[in-house]
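Got some structures for you, see below.
Common to both upcoming complexes is chain A, partnered first by chain B, then by chain C.
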Partner chain A sequence: MNNGKLKIGIYELTGCAGDALLILDCEKELLDIFKAVDIQSFLMASSDNRDGKLDIALVEGSVSTEREIEELKDIRERAEIVIAIGLCATVGGIQARFTDPNEWKKKYKEVYGDIEMTHTKPVQSKPIDAYIKVDYYLPGCPIGKEQFLDLFTRAVKGTLPERYPRPVCVTCKYNENDCLLNKGIPCLGPLTADGCGSICPNHNVPCFGCWGPVEGANLTSEYYLLKEKGFDIESIKKRMANYSGTKLIDFLKQFKKESK
Partner chain B sequence: MKIVKLKEANLHSFLEEISKEADLWAPVKAAPDRYKFEFIQDLNKIDTDCTRTILPPRKILLPPSINMFQASEKEYKEDFSHVSKKIIFGIHPCDIHGILIMDDFFSHEFYDPYYMESRKNTLLLGHSCWPDENCLCKSTRTHIIKEGYDLFFSKLKERYIVWIGSSKGDDLIRTKANLFEEDISDKDIKEYAEWCDQREKAFQTEINFDALGDLMELMYNDPLWEELGNACLACGSCSNVCPTCNCYNVADRPALEKKYSDIKRCWDACTLESYSEVAGGENFRKKRADRLKLFYTHKFQAYISKYGKPACVGCGRCVATCPVDINVKTVGKSLDGEKVDAFWKRLSKEVTK
Partner chain C sequence: MKKISVDHLARVEGNGGISATIDGKVVSDVKFSIYEGPRLIEKLTIGLTPEEDVSMSPRICAICSLSHKNAVLRSMENALNIKIHPKSYLCRELMHMGEMVESHSLHTYYLSLPDYLGYPNAIAMASDFELEVKIALEMKHFANHIMKVLSGRYIHGENPIIGGFGTFPSRDELIFIKNRAIQFMPFVKKTVDLFCTLDYPDVPEKETIYACCEPGNSNYGFWGDEILLSTGEKFFRDDYQKLTNEFVVSHSYCKRSRYKGKPYSVGALARVNNLGERFKGETGKMYKKYFNKRWHVNPLFHNAAQALEISYCFERIPELVDEILKYEEDPKAVKYTAKSGKGTGLVEAPRGLLIHHHEITDGRVSLVDIITPTAQNAEDIERYCQIAAQKLLDSGKEDKIKERMELVVRAFDPCISCSAHMAEVTHTPSGSWKNKLEEIRKNSSPVYIGAGQQDRSDDACGIDIAQKLRGLGFKDVWLGSEIIRDDKLEGYTEKNTLVFFDAVDFNEKAGKITVLPLEYILTHSSISHKFVPFAASIKNLSLQKNAYVVGIQPDSVARGNKISPSVQKAVREILNHLRN
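Our next item is the complex of A and B:
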């Protein structure tokens, strides 16, 4: 099928498949999406998938088995543009939070025991840019409809996707919330990529950082601010590590000594 | 200037009448500890005891995101759907000054039809207020307003003295003229004068704004800026809550199956890292300290040289908002050589330990 349309593949590695689901959930736009491009592979939507050359590959999920490493490398070879979608693909997700390989091995054993994996060998979970070059990133847990459609439309029209290097605080202020940090509530809004509509702070729940760290975040200041507000170092570190995957490892390491 | 009197009990009848012809906006209590300007459908929600709203009333004139026009390959269609007839009731002197600063900015060199069309259709009905510890408007001399409003309501016991500031304001009074009295008594005058006296004394914070323009230039390379930069969370909140911040970004929103793009205009903030990023990924102000310098130069110094007054109206929103205490109060006092107790000061001791 070649009709001048861009060939697109949507792939899911390790994750909850929430991002693929969100794409299917764009019900109003779905017909336009399928009209505008030629979807070659989209496991959640179709059983008839092809593994040929692609113009754009959207990849969700982190890499956590050797088979996924091969699959990902194959996608990269076949696709002109690779876009990481969702928290797991962009930063590694919750499953990448065990940053010390020994800690990961210990946790793995706790969960799976000594069972031998026969179909593929598990590896410590990492974001996709640990193995391949990624052209664009779309954060989110799951990704937001508006941002997805915007990125997708721009990619299809051949213009550069817009980046979202803003913290949650921007939208939180537009929503006229009182800053939770000022009330002594450990909110990660200033460290977290915007796009969720500040949905947690809107309900007086602090931001947990589920869209992943925002570029240019001032981790040190937030760390000391929470410390001054009486939170202990381990709980601050845990909070920051929860959804930041592999991205804050170096920052969090520097406070190791202090915590003992 | 014409002055009339209105019984407090008659306020809602008046507001109900004038809201028939325009969208009425006023402060409401959004939560026990915060106020915001809202489009009023239930007059009982209006809360005139409000000290300050989270966002300034400029959000009513230009919301955080609007569509400017729709562009296709051959033509473009302007979109002014954010413009409608509006009345803002309960706006305080500082915020009226803020709007006058925006008017100045958007009506001359950089004439902005999206702001001006909205502004021309909006009437300002001011309301008297009482300062808290974050109000700096006496220092910026914006705690009193003598121009720019259409009506101004000074609250006395169970009644208002209503100052008519424009012919449009006068027209509003005439829609329900029977509610207003014209005889201002000696008792009213005495009560008003006493209230003014007490209010003058109620301001708790003073900053030497006259000196800040020069100090800003003299201390442009002071280590103070690095201290502030170390603590700044780069959340953009100081800009977003400021009544005189007017920067925006413009972005295309192409439609998938159609041959046009919506061109959106969204608030932007110079304190955000992405603000100074240009094509190719270069960033002129990657450092937080440099961005804060830009923000405070604009507020304290550059605006004075251009418009003769600082671009700070002392509303205290940045003071109430910034989680790390970087605000007009602490920065102004530090520039003026005063010692301040602020998180950014304590952090700089912590990180240099």
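Our next item is the complex of A and C:
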């Protein structure tokens, strides 16, 4: 049935399912969302799913098995626009923390031993753009409701919002929080992409970096700022690794370049 | 051989499937599969600070993120010897109520109810049950609000920290939560009435062991320092491995748990079975009204148990708010000086017992062990699906198997994202008897028993195999007649596995080999008669659980002394395999 509505599919690869859950969490808007578009596939919410052509595919989770690589390629073929939602799809998630393939293999063996898989082989966790072209990235662990609704309403009208090239500190200032760095608490706000509403500093808790590294930040200035405040740059880098996934490598390269 | 499978289970958290393999008249193999990739969660935080671990571990699962938060905090605080302020303790309990109501209301109304009312999803259901769907959404929204106020945000909030909280909710926020909870009570009662009176099918029904936290002081509750079993046994938190006994099976990357060799269940139904007598107030009245013997044996009553727990939470929330308001001052997070230690945290996540164990060395995380409810339920999920599928097959309702298995899996409310121990499950290909035998031989010392009758042509194949194994110098080989007559099995322990060889009629092609647990055979009326005498002669119960039948499809069992060529070939295959 073609009713002129956009055909949308929501897919979950490996992760905590938090982004799909957050979409279900838009209680007040949920019925409108389902009415405004034609949801073709959303496993978490429905048992009536179809695998046809799509206008937009929202993909959550990192790619962690060969089966998921196939699934993802199939989604790409069927969808006009593919949007990565959440930390796992955009940077690979916390499970992509071991960026060195040998280290990953070692840890994998520690957990699962020598068992040989016959059904589908595991692969080192990577963001979805390691395998397919991605048209838009919505970061967050989990994604923020405001950013999601912003994206959704624009996408329904046929455009995509500009991305958010600013760190957590911007919103934190709007929220009039005392800067935790001034109190000697290692907060990752200056290096982390905004979108959470500076939720942790609002609660007097330092930023853990769960939106992943911010794009286009002035890292030179951040580097000297953190150094000046007396923070150990190595431990800051280590902390950034927790939520940067495979993008950490680019981030560290840039950080290194800037800090010279 | 035929396979019935649901490849993508809908309306469960995460990506999984269930399949059953049918060998003629027997459901031979049921697999609950997890398609989530490996995340190595327990290795990710090694070498990090306890604070970083507390931030990252709950990322295992979005829907139970606060249960993970509470479990990791309890574990860390035990390891670092921290006693939190009573206000922090109460606020954490309130936060947990939020998650419990959120998860239960989502599961009962949105994920399960469409099954019973015959809709593909809740949105489709909304056209006929608009009021229910809307109020349930309001209830879920309110629960999210509690989680958000206490933890900072709905999913993966960072406000609960080691030693307490970053900030505490204001008096106004707390009063709002209390009043709103009271307003919901009429709908909560309706919810209990609705889910306790649904027409739950009586297949599958079977006893199991229920495990949950012992909240202490004869209270109902969602955490404690001991594990309580329906058998009456109790374990202190650090002895959790006595319950879980995690093991690896060769067909799966998902570590499994069994207690004394038996599958057990955790979750709302386990809690209500073990602790339901402790419900007070309205919930206590409704428990007395609805609880009956079927709740002991039927996993579909999970939904009813969840509804009772929603009611418990709504009665507990106002009490909690009153208690929290007694403390006007907001306590600062307790500082700690310990650099090393070990600790365990037990919490009841919405879907059951959740265990976090941490070791800290020189201020860094050195060991993590996380056991999730779904990992513990996996064995019972498969067992109940097998029972259901077999019952339906026996009564000629094969077409209902797929749907019923899905209903059973969904009732357990599995949370597949909990893949700390879970990943891809590989299906053994049909004709996989070799792998199964290999697994048995690898994990235990097998005792081989040849069953059957010498003078009934192919039925002599089991005896033939046993005699040839003896000829090859194998020890621990017996004939069926010997074990029935002479108690030859005395002296064997749970370290042994009994392997029977026999001709078994599966309606297959002659010579086909199938390995089945003896338990499966005994539940199937048409072939069980051959094994009942053996089962009766196995006095050690754990041995009985640990017994398999290697069945060969016979061509003929008429009177005669000759084994048919196809069965002879199967005998040779088995002997060749065992010899290598």
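Everything below uses one rule, namely that the second predicted complex is superposed on the first by the 232 of 260 C-alpha atoms of A that agree within 3 Å, B and C clash if a C-alpha of one lies under 4 Å from a C-alpha of the other, contacts with A are read in each partner's own complex, and residues count from 1 in each chain.
Just so it is clear, contacts are C-beta pairs under 8 Å (C-beta built on N, C-alpha and C of every residue); 3 or more make two chains touch, one makes a residue touch a chain.
It should be emphasised that the depicted structure is a prediction, and the values quoted were computed from it without experimental measurement.
Colleague: Just from the overlay, do chain B and chain C fit on chain A, or is there a clash?
Modeller: fit
Colleague: What angle, in steps of 10 degrees, lies at chain A between chain B and chain C when each chain is taken as its C-alpha centre?
Modeller: With chain A as the vertex, the angle is 130 degrees.
Colleague: Determine, under the contact definition given at the top, whether A:R166 touches first (chain B), second (chain C), both, or neither.
Modeller: Touch partner of A:R166: chain B, not chain C.
Colleague: Looking at A:E29, would you say it contacts chain B, chain C, both, or neither? Reply first, second, both or neither.
Modeller: first
Colleague: Now for A:N102: first (chain B), second (chain C), both, or neither, which partner does it touch?
Modeller: neither
Colleague: Which holds for A:F208: it touches chain B only (first), chain C only (second), both, or neither?
Modeller: second
Colleague: Any idea whether chain B or chain C touches more of chain A?
Modeller: When the residues of chain A touched by each partner are counted, C comes out ahead.
Colleague: Looking at A:N177 after the superposition, I want to know if it touches chain B, chain C, both of them or none. Which is it: first, second, both, neither?
Modeller: A:N177: touches chain B, not chain C.
Colleague: A:S62 contacts which: chain B (first), chain C (second), both, neither?
Modeller: second
Colleague: Between chain B and chain C, what minimal C-alpha to C-alpha distance in angstrom results from the superposition?
Modeller: 12
Colleague: Would you tell me the residues on chain A in contact with chain B in one complex that are also in contact with chain C in the other?
Modeller: In chain A, nothing is touched by chain B and also by chain C.
Colleague: Along chain A, where are the residues that touch chain B in the complex?
Modeller: 29, 32-33, 35-36, 149-150, 152-154, 156-157, 159, 162-163, 165-167, 169-170, 173-174, 176-179, 181-182, 189-190, 215-218, 220-222, 224-225, 228
Colleague: Once bound in the complex, which stretches of chain C touch chain A?
Modeller: Going by the criterion above, the answer is residues 8-15, 35-44, 48, 52, 55-56, 59-63, 65, 106, 110, 114, 120-124, 126, 137-138, 140-141, 144, 152-159, 161, 165-167, 248, 250, 253, 416-417, 419, 423-427, 429.
Colleague: Please name which positions on chain A make contact with chain C in the complex.
Modeller: 12-19, 21-22, 24-25, 27-28, 30-31, 34, 43-49, 62-65, 67-68, 93-95, 97-98, 104, 107-108, 110-113, 115, 117-120, 122-123, 125, 141-142, 196, 199-200, 202-205, 208, 210, 238-239, 242
Colleague: Write out the stretch or stretches of chain B touching chain A in their complex.
Modeller: Those residues of chain B that touch chain A are 30-31, 33-34, 36, 53-55, 64, 230-237, 240-241, 251-257, 267, 269, 272-274, 277, 286, 288, 320-321, 323-324, 343, 346-347, 350-351.
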